[in-house]
Each structure stands twice: as structure tokens, then as C-alpha cells.
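Next come two complexes, and both contain subunit A; in the first it sits with subunit B, in the second with subunit C.
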Partner chain A sequence: MIKPSNKVKVFFKNIGHWFKSLIFKVDDKDPKLLVLYRKGATKSVVSSLISIFVGILLGGVILFILAIASGGDISLKAAWEGFRLIFVGVFNTGRDLNGNLTFGFNSTNIGNVLFRATPLILTGLSVAVAFKTGLFNIGAPGQYLMGTAATFIVALSIPTTIVPAWIVWILAFIAGFLAGALWGIIPGIFKAVLNVHEVITCIMTNWIAANIVTSMFDNNKGVFKHLLDPSPTKNLAYLFKTTENGVATSKMGLDVIFPNSQVNGGIIIAILIAIVVYIILNKTTFGYELKACGSNRHAAKYAGINEKRSIILSMAIAGGLAGMSAALYYLSGNTEFYWSTYQSLPANGFNGIPIALLAYNNPVGVIFSGIFMSYLNVAGLQLKNLTPFNEYITDIIIASIVYLSAFSLAFKEILSSKIFRKKSKDLSQEQPQEILVKPKIIAEEEEK
Partner chain B sequence: MENYIIEMRNITKKFPGVIANDNITLKLKQGEIHALLGENGAGKSTLMSVLFGLYRPDAGEIYKHGEKVDIKGPNDANNLGIGMVHQHYKLVDIFSVLDNIILGAETTKYGFLQKKEAREKVIALSEKYKLHVDVDAIIEEITVGMQQRVEILKMLYRDNEILIFDEPTAVLTPQEIEELMETMHGFKKEGKSILFITHKLNEIMTVADRCTVLRKGKCIDTVDIKDTSIEELSEMMVGRKVNFIVEKKPQKIGRTILNVEKLTVASKNHKNNAVKNISFDVKSGEIVCLAGIEGNGQTEFVNALTGLEKITAGKIELNQTDITHMSIRKRSKVGMSHIPEDRHKFGLILDFRLDQNLVLQRYWEPNFQKYGFINDQAVRTYADNLIDKYDVRSGEGAITVVRSMSGGNQQKAIIAREIDRNPDLLVAFQPTRGLDVGAIEYIHKQLVSQRDSGKAVLLISLELDEVMNVSDRILVMYEGEIVGEFDPKKVTIQEIGLYMAGAKKDRREKTDD
Partner chain C sequence: MSYLLQQTILYTIPLMIVALAGVFSERSGTINIALEGLMIIGAFIGVYFVRSIILLNVPLSFGQPLLILGMIVSIIGGCLFSLLLGFAAIRLKANQTIGGSALNLLAPALVLFLILIITSQSVLNIDSKYSSNDYFMLNQDDFGLGTKLENPLGVIGNVLFNKTYITTWICLALYLGLSIMLYKTRFGLRLRSCGENPQAADSLGINVYKMRYAGILISGGLAGLGGFVYSVTTVAASSNGDVAGFGFLALAVMIFGNWKPRNIAAAALLFGLLKCIAVGYPYIDINNDGIYFLNTIGVSQHIYRILPYVITLIVLAFTSKKSRAPKAEGIPYDKGER
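Showing the complex of A and B:
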């Protein structure tokens, strides 16, 4: 029988052994950290982080240049504050009595980050799914708009006095999904049947969607103008919020964790959808087919995969995801919708592209890059509220990060080559170390 | 001390999971043709890429005329007089021959191109070395042979004196190969030094002075050709004795497996039909070989047979089932396997892992999926089995990304996948293209064992040696028609060559049996 004290000893020895195996060569296996580092995925993450870091640094440099160029209007102190806000603005809690920035847990900001991340994650997924099948879904804004329209129409038209609000919510969500999917399927069919490039059809469908939605909710002749909010405080053609009909996404307890923020259960739904998409892409025959078509459509055809079906379905799913993005954003109940073609296309749609790129089209990675993008948004608002700068600096940062993420492949290569060059040099030194380590283990085993 | 123009000393180059070059020393004499022999993945191309500056070695030094040089890129190599004809030509398809030759070495005056001088120089060079090219032709419109001559002229135009040829004969017709050998002899007389990468032994015997053999990244030996033999070289290359004669059991012909009737396929490139009204059958227990020069309708025929392309007229029956209009997957269910001509385009998804590629046509079978979810464990076990059984080598086993594998092992993976499906008909299109003798021997054995176990094999090959060695029956295809049918035991290579070139033609009536 082993005494309890011995058990504890063995336990700690095992832990010690595990930590040692992280850094040193044990049992002829390479150090675990090195193995982890060598994995392609790790390199992708690290190179994305480098892009992010350099992008933020660039934003900071711009702040200082602006401060200097302003000729004294903006102090260098303000620039330094702005720089800190970009990094950790979400944790800012205002200024203290002396006018210095204070930091801590800011439930409003963090909650809002999660709230704004919800649609971004889904449009990011939309672009990523299409990318995996070798398609560039630049049509996410149009799919998003169609999803918005369908969601509002269903959420505001079915009276909650007759149908329970949660059923209306589900119907509105499904309507958003279907409208987006329909709008995605159109470029898919054109691509599969007529071999028309999806980028062209996507641009077309984007503007068709923009005009359809404008015409539907026109306050003069629109078919759905009865859904517009007539209150005199709204001088433009704003739609009612979905809360007008008592339809809103459940908070799922998040309002307790992040009080005074807009957060709701949408973020949880978005994360669940991302995980489902990940499973579909990586664990199912359907995902295998989609990726095969994306990687090499000739080989997919040779293997008997129906590539046309895969292209159409992939675009339908991509569109559906963009539609769900809109549904979750507007069903939150605290967002207003006003649309006119004179505006540009919705940013939530286009932002899916950098989010997917930054995450290397990995659905789980999209969760993080989506949250990061909305984090930058909120930091931008802090910048506007607390410093003489405006929030557009964060757009510059996003732009440079996207630009750099195109270089992330180069970063990846640098990372690989460095470690290999180092390895070949270290080989001579590593060898004796291994011998030194080995007797120790043998000794330990003998102790047992 | 001998006069070495180039010395590569103790070159080592590593890639993730493999040591491509392990302490290799190669010495090139002034004015010699030096062959570099090795199997696929032995490190020949890597070594030459190091010399040409495409890769930096991890260790080792390069000397020219005894002086140490540092080659950082192709430009440095070019300045040192080193030129290279790559296996896959580096030409701009839509440029003219002349533009391609001067590209990167243009003479200009006040920023304007001086094409006239360049043109004269190119024409002079092409006449001097009998490298006939049409300087104004567009690259995509000329033959592969002429494209190669353009690549050679590119080196000459830059006054290179060390010429590297990376597998130059792989895509050439027998006549073109002969011309190339003569050209190489001409260069030698001029005092130029040639490095010649190949795995074709008889070419080395005809043209080379010395030969360095690489195996698995290591230098085995450098030998004088006049003191060696094909058998010795192949043994050095593969590491064991190679059997050049394919051993076959006596033939046992059975029922008809494949029946093609009056098949016609339209061409994508021109108005005429690519395949014209051809009829033949393949029975179990025989290897039927469709021989012919490239571009005589073989590709279109195989595409139609395997379902990649639609047919214009005719009928295909497999196992007494009409498969003329069946989808690719249904054909494969009826019992057809296909080793495609272009393994990168059709045969493999290069960015997928090896195990994912090995189930390319079977991932949907109940063994590998349940309710649409792929059973990774089953796939992995199956892949490990195939890897073991067919000796597919790769850096990390089943989880290797196929792109990182050598060409020979990629082809082995395809063959493992196709044969393991236990097809009644195996369609093999150029299965040994670009492979070394060891791999060729292996693939021929696999084809013959299919035949011996009572399956039907349809082999489409451009290599006459292969046609003569492996097949039980030869059909010659010329301009989309079958112009002759032969028994390999009763016909000579020369005779078949005449049919392949269209000089002779039989009137063939399909006989009922």
C-alpha cells in the first residue's frame, strides 16, 4: 500500500515532470512547447497577433503625429492617453478628480463589446464558409440587408397578442436566415451553372438588396411604411424597434454580469453557431465536400463530388449566416433601423471580410477576431469621448491590421524559418543536454 | 589538382520532417556533362535549386574556380554564368519567343527596348546551335519541344557557361530527345559545362561523362560512365537490384469487363472530334494498352470513359451495365478505378492531409461516416493500413499534408487508393510519368498483380518501353482513331512507332467474340 504522503509526492513529481516536458526534451520527445509552436495553427495565431500588435502600434504612431501636427492644439499627453485607450480602452472607467484616466472593470464597455461582436462574428462566418469552398462572398452586406428586412417584417407584423413573443422571435430569426440564404443562393447558382464570377454577381445583388429595402420602407410609397415609427422625434424614416411588438432576444443573465450595457443572449447564440459551423466544416462529409471543392474543384469532380451542388449550398449557408447576423443584431430590441440607398452598404456586412481573414477562415478563430473588431470599435468610442481625437483612428487601425494580415503568411514563414535555422545550429548543443536529462529520469523511476 | 568549374561542398538543406540534402559534395569539371541521378525525393532538384540560388543551404559552401561564392538568388547565379532549364518551364505564355528570351536581360537605350540587336543575337545563337525557334511565335502556340529550346536559348543569351537541365526529357518525343542530346554534345564541345538531372538511365549512358548518384538526400558516389553499367547505376540509385523485365503469370482471360462501342467525343480545342468512333473491349485478366503520341485523343477518351467529360455518341458498358451517362460516383460503384493523368490537378487535393486524400472516393461509405459525421479514427486506421501495405512514405505519416510529399509517393498514394477499392476495371493513365525506376517497377508490379487476380486493366501510356513490357494487347491511337491492334510478343517497337506516327493504318472491323 502506498502511503498518502507518497501519493502526494508522486502527484507533485508528475506535475514537475509535465512542466519539464514543456521546455526540455523528455523521453526522446521534443519539448511540448516547441511541438505546440511548430503546429501550423499556432503559427497562424501568432502571426495574426503580430498583425494586430503592429496595427495598433501604427495607430498609436498616427495619434502622436496628429498631436505634433496640430501645433499644440492636442497635447502629447492626450496622444499618450489615446494610445493607452486603444490598447485597454474597454477597461477605462473615466477620469478621476485630477483628470487622469482610471482603469478597472467597465461592465458597460465589455457588455457592449459582446453586443457589437454578435453580428460581426456571424458575417465573419459567412465570409469564412464561402472562402473554404473557394468563393469570395463579397455579398454579405446585401444578404445582411435582406435578412434585416425579413426579420423586421416578421417581428413587427405578427401580433404578440395572439402569438407568444418567443415564437415570433424564432419566426423572425428564421425569416432573417432564409432571406439571407436566398440572397446568397443567387450568386451561387450563377457561379455553378453559368460560371459567372461570384464577386460580380455579389456586387449586383448587394445594390439590388439596397434598393429593394429602400423602396420597401420608403416613408412615402413604401409597401411596409406602416412599420415606420411616426413619432415626431424621428425626423427620418426609422422603423419601430422590435420591442414595439414585445419581441427581443433574451438576456440570458448576461445583463447581470454586465449591467448598464446592451449585451444580450445573441452573443451566446453567435458563439454556438460558430461552433456548429466548425463541426460541419471539419467533422462531416458535407464539410469535407465543401472543402474539397474549395481546395481543388477538379479533384473533387474526379472523386464524384457534385461540385455545383457544393457551390450553391456553400453560398446559401454563407448568405444564411449573414441573414442571421442581421436578425440577431436587430432582434436585440435596442437597435434602430433606418435605410436609404444614398448611404453606403452596411458596414457589418463588409467587416465580415477582415474578420474572416484575420481568423484564417477558422470558424472558432472568427469568434475571437469578431470580438476583437468590436473591441476596437468600443475603444474608438472611448477615444472620441475622452480625448480630442475622433473614432476614425480605430478604422485606420482596422485597415492596417487587415493589410498586415495579408502579410501574416510572410510572418508565418519568418516564424518557421527562424526556428529551423536556430534548431540546426542548436543541434550540436542539444545533444549533450539530452544525455544529461536522461539519467535523471531513470533515477526517478528507480525511486518509485 | 583538377580543374573544377563548380564545387558544392558539404551542402546540407533541411525541410520540415526531412533532410533533403545531407552533406552532399558535387564537383563539376569544365566542359563535361555531369548527370545527377536519383529517385524522386532523393534531393536532386533541391541541390540544383541551392546552386541556382532558389534555396539557401543550411550548411555547406559553393566554389567557382576554387573561389568561394555566395549565391543569394537567381540573379547572383546568372552573374556567375549559371543558367537553369526548369522541369516546368518558366515562360510567359502570352509573350513572344523573343520577348521571353530577353526578359530580365533587356538592352535599352534611353529607357526604350532595343529589340533589333536582341533579335539578331537570338537568331545567330539559334543558327549556331541548331536550336530552331520562330522568334515571333507566341509561347502558348508552340510545341513543348520548342518551348524547351526557348529556355535553352535564354541561358545562351545570358552567356551562361554552366547549364543546369532539370529532367529535360520528361515531356519530349523520342525524336526531340535525340536532338536535345546532340545539342548537349555541341555545348560540351564549346567548353560549356552541363549538369543534367534525370532518372532515365539510358540517357545518362548515351550522353554523360560522369554521374553523381543521390539516394534519400545522401550522396552515394560519383562514377565515370565508361566504367559503369545501367545495372550498376540503378542499383546505386535504388539501393537494391532492379528487375527491368516485368514478370507475368500465364494469361487467364475471362469475361468482358469493359465494352466501348463507336465512341465519339468532341474536342474542346478544335472543330473535329477528338475521339472518332472507336470500339474495343477489355476482358478480365488482361492488360490492354492504349499507345500513342500525346494529343491524339487519349485524354478526351479517358475523360469520357471515366465521366469527367460528356460524350457525343456511342456507348460504354462496364460489367454489362450501360454507364454511358452515369455520374462519376456511380461509375466508381459499378467497379471503375481511375489513376488520372495529372495527379496534381485531378488525383489529389494537395492541401488536404494524406488520410483525407486516401478516402477521397470513399468518405461517404458507412465504414467512414455515420449520420454524415466522418469517423476520423476509422479514416486514420484505414490510411495507416494503406500506407503500410503500399509503402507510401511521408514526413509525418497519415497526417502529412500531401503537398509536402515527393512526386513518387504522391503517385503511390493514388495507386494505393485506386487499387484498394478492388475495382473490376483499373484505368491507369500514364501511371509512371516522371517517376524513377524503383517506383516504375513497383507500379508495374501492382498493375500486373491486378491482372493476375482476374481484373481488367486499361493502361494508357506514351512510353513505348512500358507499352511493350507490361501489356497483353496493344491498341494504337492516332488522331482519335484506333489504327492498329497488336500482340506485344509479335510486333517490334519500330512497327508500332510507324502506326503511332500515322504512317501506317489498319482497317479495323470489330470482331464479335
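Showing the complex of A and C:
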């Protein structure tokens, strides 16, 4: 029987032991931090973090260079404020009476970060799934647009007086998914059957989608022009919001935590979808087949995998994810869609590319990189409101981060070679000892 | 008729020159998906340079030399920006598609950021008083062929000497010269060999890295020039961080033309024609009888706009068996693998 005080002692001793094992060698085992560090995933995270840090630093340098080059128009103080806002702009609560920036819990900003992250996570997943199969899905904007159109048509056309609103919501969501998936299948078929590079077909289908969507809602001859909002402020330039028909994503209680923001249950759905995609990719045969095609298409075929089917399905899933992204974004009920889109493609679609790259195409990583991206976006808006700079600085930072992550391989090599070279040398000498230890354990087991 | 031809040429030239930019990069072994970004940068730098000079109160008659200077500046700007791609792709052996996508993200962001700070608007124009036509467009009276009102030239003369730009002829000459260089000179042969079999090229004493840098630099310069030319001839010499997907279209033209300059010229002409029909179909009068045929048959404008993309898809579907990309494109060259 151990006394309670002893129990506490043992407890703390164990904790101390655990912390010690993080850094020092205990029981002939390598320090846990070093083991963790040697894992590939950790290096990916670390090199992503380095990319992010350097990217943000670069953004700051640009602000200061501009402040100096402007010759007094923009003060250095403004540049310093801008730099701080890039980091913690989301927690900004305006300025105090002396004109200094104040920081604190800003529920509007944080809620909006989550709201804007919802479509980004899903388009990021779309690009990531295709990347896992060795395909570069630059077609996410087109799939997103088709998803948008299908979602709006279903959500606004089925009267909620007859059908319950939540059923209409589900139907609209599924419509978005299916439209995106169908649009994703086209480059998939071209790649699998005709061996046309997916980048080129994706670019073509993007612009085709942009024109089709524009022609559908054309205020002159469009088939669905009755869905346009004729009120004087909108003047037929935008579609009705889905709330016009009483269809909107449930808030799921998030509006209580983040009052005065646009957040809704979409973020929870997006995170759940990311986890489902993770499970499909890493825990099922189907996911394994997709990844095998990505690693080496010919080897996969040789191993008996139907590689054409895998490519087409992968693009269908990627397209479906982009479609769902649009569905969740527009079903929120507080976003509007400008129908005359034939000259520009939606940014939410293209932003999936940097998000997937930053997360090394890991579906769970995409959740974080998506939230990070929308964090930067919201910080950019603060920059626009409070300093002489504008929100595009965050786009520059994001682009720099992607550029840096392109040579993450070089980062990883540096990480695994130079800094810890000495320790890894030690380890190579120690490995034989581990082998010597093993027979001991076996001997002990035999004694038992 | 002359309207159709004039507009077609204006759309064809940037497509051609940017597609050739893609050829130089890809035949030396580097995928250049950043053509769009390079065009945006080239357009911005060229327009910004021209604007800065015009702000010094130069007379309208200085337009042509100014245009040529602008072209040179945009070439230099494109070269510098493409070095970013070269550094990532060649020196650091990074994934070329990702590096290119990063530049495609960076270019519009950087340009919009700077334009907003320079002008407090989202568009950068060269002048508030005069349009780019006043400065740069050449009409028949500039060639001493009478005033605009009389029209003694006929269709061909109209196309050659009316509403034309000096950029068109310079670009055509460049296109011809560079295509010949790619096929008939020692440098061109070496460049192409680095895109087909860099190991063999290296074993013969060719510096693969240098060749690939050369390919990317030429590519960047041409794409920057293409962006500036696009901006001057089709959007009244303004820059707004966007070239309406022309860079990507040029990529399609390049694949369509099978990475060969002659085929690319034909493909670019086809795309230029389709693009011209999409934009200007209500004004096209094919046989000069005063009836705008395409406007009267009642086909929706959206169909015309979709046509270039659909036709590309269809043609790619039929020609994919024959299509042959440079063998070593997209693979970073590693001396150790020789």
C-alpha cells in the first residue's frame, strides 16, 4: 500500500522522467524529441514553418522598403504597425485614443477567419487528393464554379413551403458535389484514356465553366435569369442569397462563441470531410491504389491496379471536393454570387493550390494551412483598414511561402544534414550497442 | 473584313510570342507554367516605364521610340522575374510546376499591391489626357498615305498600314529570327539537346545548367514582351494584374503546336481568329456588304467565347497520340545520375 503523498511523489517523478527522456538518453533509448525530429512528417512541418516564417519576414521587408522608398509619404511607424498586423492582425481591436494599435480577443475577426477557411480547406483538399494521384488539379476554379451554379439552382428553385429547408440544404449540397465531380471527371478522362496532360485540359475546362455559368445566369437570355436579384442596389448583377428561400447552414452554436461574425457550421463540416478524406487515403485499399498511381503509374498498373479507373475517380473526388467548397461557401446565406464571371476565375479555387502545397498534401495538414491562409487574409483586411498598405501584401506573402515550399526538399536536406550531423554520427556508432542489448531482453524473457 | 484581320493579328501576336517563350523553356528542359505570371510582370513594368516617361511631359511624336524602349524594359523585367523560376528549378532542383504556380500567384499580387500604392486605384494607365492609341497606333497618314477618311488602300493595305502597331512587326521579326536560331545554329541545337537527353549533352561537354538558364531567360524575356504587347494593343496600355488567361492560352497553343515554331504560328493564328470572333463578332463584316453576318444568325455570344477552349479540347483529344513533349522536360538535371 502506497501512501497518497508517495503516490504524488511517484507521479511527479514519472513526469520528471518523461521530460528527461525528451532531451536526454534514458534506458538506452534515444531522446524522444530527436526521434520525433527524425520522422519525415516532423521535417515537413518544420520546413513548412520555416517557409511561413521567411515568407512573412519577406512581407515585412517589402513594407519597410516601400516606406523608405516613398520618401516620407508612408512613415516607418506605419510599416512597423503593418508588420505587426500581419502577425497578429486578427487580434486587433482598433486603435486607442492615442492612435496606438490595441490587441485583444476580437470575436468578429476570429469567427470570420473560420468562415473564410471553410471553402479554402475544401479546395485545398481537392488539390491535395489529385496531387496524391500524381495529378495537378489546376481546374479547381472551374469545378468550384460549376458547384456554385448547381448549389444556387437547387437551393433557390425548390420551394421551402413544400419541402423542409434542411432537405433543400442537403439536396443543394449534393448538387454542388455532383456538379463539381462531373466537371472534374472531364480532365480525368482526357488524362486516363487519351493521355492529354491534365494541366492543359483543366485550364480549358476552367474557362469553359466560367462561360457556361455566365450564360446560365445571363440577365438577357439566361435560362436561370429569374434567380437574379432585381432590387435596385443589386440591379441583376448578383444572384439572390440562398436565405431568400430560407436555406442557410446551421450556426451550430458557433455564433455564441464568436458573436458578430459570419461563422457557421460549415467549418465543422469541412473539418469532418478532411478527416474522412484522410481515412480514405491512408486506411483503405482504394486510397492505397490512388497513392500507388501517384507514385508510379506504370508500376501500379503492373501490380494489377486499374490505373485508368484510379485517375478518373481521383479527379472526380477532387472535383467533388471543390464543388462542396462552393456549396458550403454560398449556402452560408451571407455570401453573394456575381454571375458575370467569364473574365475572371474564383480566387477560392486557385487558393487551394498553395494550401495543399503548404500542407504537403496531407488532408489533416490542409485544415491547418487553410485556417492559416484565411488568418492571413483577415489580417490583410486589417492592414487595408488601418495602414496605408493594402490587402495584396498577404497574397505576396502566400506566393512567397509557396515559392519557398517548392524547394522544401532543399530545406529538408539542410535540416537532416548540417545542424544535427554530429548527433546522427553518434547514433551510427551506437546502433551496434542496441543490437547487443537485444539478446539480454530475450534472455530475460526466456528466464520467465 | 479588314477589321477581322486587324483584330486577329492583334490577338495572334502576343499568343505567338508567348508560346515561343514556352518553347524555349520547355525545349531546354524546364516546364514553364509561369507564362501568365511573366506576362503580368512584363505588362506592368512596361506600362509603368512608359507612364513614368510620359509624366516627364514628352510630346506625342515621341510615341514610337517610347514604345520600343518600353518593349526593351519589359523584356528585361521578364528576364529578371524568370530568374526566380530558374533558381528554383535548376539550382535547387525544385518541383517546376509548383515553382511556376508560385510565380503565377506572386505576379498578380505584387503588381496589384504596387499599383494600389502608386495610383490608389486598381488600374495603372499611361496617361490621363491621351489614350495609348494617340501615342502608339500607326495610321495610314503616319505612312504618308492620305488621311483616315479616304480609303485608297484596299483590304491588304488597310491591314498593313492602318491601325497597326510597330510591336507587331518587331515581334514577327523576333519570332522568325529566334525560330531560325533554335533550329539552325549551334546554340539552338545544344539548347534542344538539353531538353531531350541532358546526360548525353553533358557528356559532350555542354554545360546543361547554363543552357537551361539561357532557355529560361529567353523564355522570360519573350513572355514579358508578350505581356507588354498584349497590354498595349488590346487593353489600351493599362495594367491591372491580369492578362485574361492569355499566358495559359499560350501554353495551350504551344502544346497544340507540338513544341514546333511553325505549327505554333498556325495554332496561334487559329486562336487569334477565334478570340477575335468571340470579342468582336457584332462588328465583323466578312464581304463588306454592310451586313454583320455573325450578329444576325442569332448565336449567343457565350458560344463564341467558349469556342477556342472547346476546339482545343477536341483537337487535343484527336492529336494526343502524335503529340510529343521534350523528353527530359520537368526533370531537374542531376550530374550524379549520368
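Just so we're on the same page, the second predicted complex is superposed on the first by the 416 of 448 C-alpha atoms of A that agree within 3 Å, B and C clash if a C-alpha of one lies under 4 Å from a C-alpha of the other, contacts with A are read in each partner's own complex, and residues count from 1 in each chain.
The rule we apply is simple: contacts are C-beta pairs under 8 Å (C-beta built on N, C-alpha and C of every residue); 3 or more make two chains touch, one makes a residue touch a chain.
Quick caveat, the model's predicted, so the values are computed rather than measured.
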item: Room on subunit A for both subunit B and subunit C (clash or fit); value: clash
item: Touched partner set for A:S400, first subunit B, second subunit C, both or neither; value: second
item: First (subunit B), second (subunit C), both or neither touched by A:K13; value: neither
item: First, second, both or neither for A:Y302, with subunit B first and subunit C second; value: first
item: First (subunit B), second (subunit C), both or neither touched by A:F136; value: second
item: Partner chain(s) touched by A:A292 [first = subunit B, second = subunit C, both, neither]; value: first
item: Of subunit B and subunit C, the chain that contacts the larger number of subunit A residues; value: C
item: Contacts of A:F350 with subunit B and subunit C, given as first, second, both or neither; value: second
item: Touching residues (chain side subunit A, partner subunit B) in the complex; value: 38, 283-286, 288, 291-292, 295-296, 298-306, 416, 420-421, 424
item: Sites on subunit C touched by subunit A in the complex; value: 33, 84, 88, 92-95, 97-99, 101-103, 105-106, 108-110, 112-113, 116-117, 242, 244-245, 248-249, 251-252, 255, 300, 302, 305-306, 309-310, 312-313, 316-317, 320, 323, 325
item: Touching residues (chain side subunit B, partner subunit A) in the complex; value: 12, 14, 16, 58-59, 306, 308, 327-329, 331-332, 338, 340, 345-352, 356, 360-361, 363-364, 369, 372-374, 376
item: Complex contacts: residues of subunit A adjacent to subunit C; value: 66, 70, 136, 138, 190, 194-197, 199-201, 203-205, 207-208, 211-212, 214-215, 218, 221, 342-345, 350, 353-354, 357, 388-390, 392-393, 395-396, 398-400, 402-403, 405-407, 409-410
